[in-house]
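In what follows, a single structure is set out as structure tokens and then discussed.
Labels run A, B, C and D following the written order; every chain starts at residue 1.
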Amino acid sequence: MSINLDKYTRAEMMIIATARQVRDGESCIVGMGPPLLSAALAKYHHAPNMWYCTESGPLDWIPTSRELPAPIGIADHSLTQGSAMSGDMVDALGAFVNGGWAQSAVLQAAQIDRFGNLNTMLAGTFEDPIRRLPGTGGNADIGASVERVISTMPLETRRFKERADFRTTAGYIDGPGGRAEAGLAPQGPNKCATTMCVFGFDTEDGGTTGSCEMVLERLFPGVSLEEVQTTIPWKLKVSQDLTYMDPPTEEELVLLRHLDDGGNHLIPGRY
Amino acid sequence: MSINLDKYTRAEMMIIATARQVRDGESCIVGMGPPLLSAALAKYHHAPNMWYCTESGPLDWIPTSRELPAPIGIADHSLTQGSAMSGDMVDALGAFVNGGWAQSAVLQAAQIDRFGNLNTMLAGTFEDPIRRLPGTGGNADIGASVERVISTMPLETRRFKERADFRTTAGYIDGPGGRAEAGLAPQGPNKCATTMCVFGFDTEDGGTTGSCEMVLERLFPGVSLEEVQTTIPWKLKVSQDLTYMDPPTEEELVLLRHLDDGGNHLIPGRY
Amino acid sequence: MMTAHEAVERFVNDGDTIYSGFNIISFALTNEIIRQGIKGLKAVAGSVTPNVTMMSIDGNVNRIETGYLSGTLRSKPFQEMMRDGRVKWNDYTNMTITLRLMAGGLGMPFICANSFLGTDYLLEETMNHSRSLKEDRKREDGSIAPPYAVIDSPFDGRKALLYPALKPDVAIVHCQRADEEGNVQVWGPQADTKWGLWSSKNVLVTAEEIVPRSVIATEPHFTIVPGFKVSAVIHEPWGSHPSGLNGYYRADREWAGLTGAGMTTWHGAREYLDEWVYGTKDHAGYIAKYKARFGEDLLDNLRVKDTMVPEQPARYGWR
Amino acid sequence: MMTAHEAVERFVNDGDTIYSGFNIISFALTNEIIRQGIKGLKAVAGSVTPNVTMMSIDGNVNRIETGYLSGTLRSKPFQEMMRDGRVKWNDYTNMTITLRLMAGGLGMPFICANSFLGTDYLLEETMNHSRSLKEDRKREDGSIAPPYAVIDSPFDGRKALLYPALKPDVAIVHCQRADEEGNVQVWGPQADTKWGLWSSKNVLVTAEEIVPRSVIATEPHFTIVPGFKVSAVIHEPWGSHPSGLNGYYRADREWAGLTGAGMTTWHGAREYLDEWVYGTKDHAGYIAKYKARFGEDLLDNLRVKDTMVPEQPARYGWR
């Protein structure tokens, strides 16, 4: 099958950019939806020894056949394929995540704020919700304990907030020292991969010093700094090393489209 | 094999008397040593549907072959035989016992006191121990949560105390209301089977009213009330319905001697 | 052994707290609860699933404690009821609900987890919002217990966040197999199931297969809850349809589209419930109706075709 | 994959807290710890077992937190050391130690259990007796943290008894099988093993068999701790001898009588350690010496002859 490399979507680039943040050999807790697809792409592409774990209990999915699409849900039965351990949520969220053994996480969210806090609860307020969302699932559990959080969501003004409408998942909270004051361990370096770019956060030590603000690190091909800034409601910090991200390789695109099984996963704007 | 019914020991009678307290159909947590043997005898003899569980995780041992002796330890591998569930200590002591699903328990102890508290910790005091014992194992966990505790030990003065040298396992504590005041649920009717007799406790409602004292209920054949009273250091309560316990049946003795595998378990006075 | 009808009649009461989890849903028991018109249930689970949407339409469920509304917000009726307070709730997480169930199962009054430190869950307006479960948390003296609380640890003085134990009145679940005594065996991703069952006073289980005790006893590691803990075991083939069952069948992804089972509109929900739930006597009737309407093939196509064989089976042995 | 020598050298340090539990004892690693002369370990487990007696003779272990001294008091040297304070300890129970390990594994600061309500464990003279672990519980400000504490529940005001989490530095265990990545599989009565491993910073595992990942993956329910949690996996046939291993061999009940492994006297203990521990290079050497001394038959007779076959094997499947 020949792939037209010019014809990839920004949603596809988001999944690929997310996958590129996942490192080989690390243990990773993967959230439902696009994160499952991104992490599966990473596992097939450059991180075969990443421990791919989901919160319902399967630890270290290794697809034994490349015929199947990526798992859809965090309790997808196919996650048993090749897995090292078939546990439950006490094992996966309790021992693996809260116990401190998950080195990274891939999560989706409806909103992220300037300090990397995630929102999967609602738009608006509890008393006057614009929209109620499904809730945190395991995101709050993960934000409290996992070292390195990779979040992924389309770049849209309603999703990027100076302060999230509801902080379900602690990032750097209110800035430097926020995590320590709340009683949480350091976290980072966190990333947020979007449909236009990848952000990092301005803290060298996981939330103790630096501004802890979101920093633009990589632009996708064809996206301008202005286009990103227009979408973000605060004056965005830009990395001194801002560069363009490489476009998808043929291998990435072929794998992604196979794993996506005809578009079951790529549902940008679903929230 | 012909059994001489006159030639049974008091230790054998103790095991048999203990077994007779175990009811068919109930769920029972069984402690190591003589309790394992007593409960095994009950299961073979009159309580085939008793759920025989031990604290290391095997729930509902059903011996599939009568060739084997009774289990020796609470983690004996043969407890897997026919079992309904192979769990761990969180399942067995946590969910089954502390969760309130064990209806009865069979326990040994070094001492018991007037109010049914058990001691498996030491003789003497911490600072001046006459003898240090192995500790509580699961007995304290069980005393806190199980409805009906059947304890078993030889009738010896050093074992029957006005107040146990150390209360490892709550019975009725200091008397009526003791359990409620300590924050524990009611317990009873408890029994203590010895080498001479079986005791109950004077409380109709598991420790709220009555004196909560030990009461002599059944004498073994050939044992006199005086012999028992001489061994007990306080003025013993005697049931109005005091009767003699039936001697071992041939079936009980044959089963017991088979299960005991040549005397591995019957170790009266071991503490 | 009894029927789903008898089990629900005997063990599910108006106002009960019901655990129905995450991963192995008993639609057989769900539909029976709807048929019998049980009212005012509180649903608890790490994630509540579309069967809870169904049970909310006629008020079978009107209260929820969960970490995730899985698929339920696709239902406009459900969204509406959350907005106007016909459904009340407090929010937790997948882990904290699982740990609360575990605490209930282990006889603990509460359990510790960091999850809400540094988040808006700790705001008064989150804990006691106008449609929250304040009333359920009323103490004898009239004060309202918090849904979770921060204390200082007596050991090191650091902040610790406590969550109260959950002890549901009744749990419903579908499992791969059980025996007549109610020993329940499950395999595959387990989520919160084990502790949902251990924490609940009454456990109602539908089983895809009923097997002899000897089958259970030669693989005792698959048992998640033993028979003395189970109030009713019911033989219900396809008991989790339209959701799936590891080793037996996949989820029926066409079902909501074909029938309106997604509860997306009031009208569609009404029609689905009238036809497929009230309009069938029991789960066997529901499956028979499915076959009559869509043909046996559609159902048969859901069956798992390849199953996994142990490469070097573990062997227990003791002599 | 490494040798027991390398694993102990790299991961066991003087003064460490070490979990060695209950049911599947790695005598291979125990003996290596003694050979390397590690000092001042604190042993924790639901029940500590005779390998802890051995490790106490030369001061490898001098502190204990446990619910039960299983077999260790048969040793007069051990009794003596408990009396004169060479061994210090605090007493818990099988369940409370298991829950403390679970709390450590789950990242909780403490966990709740009723076990000591109404008992003498709550007396000051029990918690802080003269040979207790007060020093280990010293806070930064010099005060002594309690070994467990009663608080009032913030939810219902009732008494709740808290036990602090245990987070050992290192765990040693023997398992039936593991793969090279360190995925550890165990079957049979499990006691506190799983949480002993999850709670420990470094996990050292000897395995009776090393199997390919595919063996693990076709029976993933036997895995109690995954490879990313394991620091060293070591292939050691007969690694738990003289204790037993479900499915492989029975405990060697003659051993203590034959060799003095029971540590009943100082002299016997010294002779046993000199000959069978210091006098062997590694566990393979120990087993070779056993065979040379007593003949192969004695060891072979311990092998389990009958093993249990699943009557109707559970099948995972997803498509």
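Some observations on this one:
The rule is simple: a contact is a pair of C-beta atoms (placed from the backbone, for glycine too) under 8 Å apart; a residue touches a chain by one contact, two chains touch by 3 or more.
Given the structure is predicted, the values throughout are model-derived calculations rather than measurements.
Looking at the partners of subunit B and subunit D together, the chains they share are C. When chain centres are set by their Cα atoms, the one at the greatest distance from subunit B is A. Here the spacing of subunit A and subunit D, counted between their Cα centres, is 39 Å. We define each chain's centre as the mean of its Cα atoms; on that basis subunit A and subunit B are separated by 57 Å.
Centre to centre, using the average C-alpha position, subunit A and subunit C are separated by 28 Å. Counting partner chains per residue, subunit A shows two or more touched chains at residues 58, 76-77, 80, 86-87, 90, 94, 98, 145.
In subunit C, the residues that reach two or more other chains under the touch definition are 99, 106-108, 113-114, 158, 187-188, 214, 221, 246, 250, 308, 316-319.
Touching pairs of chains, sorted by label, consist of A-C, A-D, B-C, B-D, C-D. Contact residues on subunit C toward subunit D in their complex (touch as defined above): 99, 103, 106-114, 139, 145-146, 149, 151, 153-158, 160, 162, 164, 176-177, 185, 187-188, 211-212, 214-215, 218-219, 221-222, 246-248, 250, 304-319. In the complex of the two chains, the subunit B residues touching subunit D come out as 54-58, 74-77, 79-80, 86-90, 93-94, 97-98, 117, 121, 125-127, 129, 132-141, 143-145, 166-170, 173, 178-179, 182-184.
Residues of subunit D that touch subunit A in their complex: 105-108, 181, 183, 198-199, 213-214, 216-217, 220-221, 223-229, 316-319. Within the complex formed with subunit B, the residues of subunit D that make contact are 22-23, 46-47, 66-70, 72-73, 79, 82-83, 91, 93-96, 98-99, 102, 113-121, 125-126, 129-130, 158-159, 187-195, 244, 246, 250, 308. Taken in their complex, subunit B has these residues touching subunit C: 27, 51, 58-60, 62, 64, 68, 76-78, 80-87, 90, 94-95, 98-101, 145.
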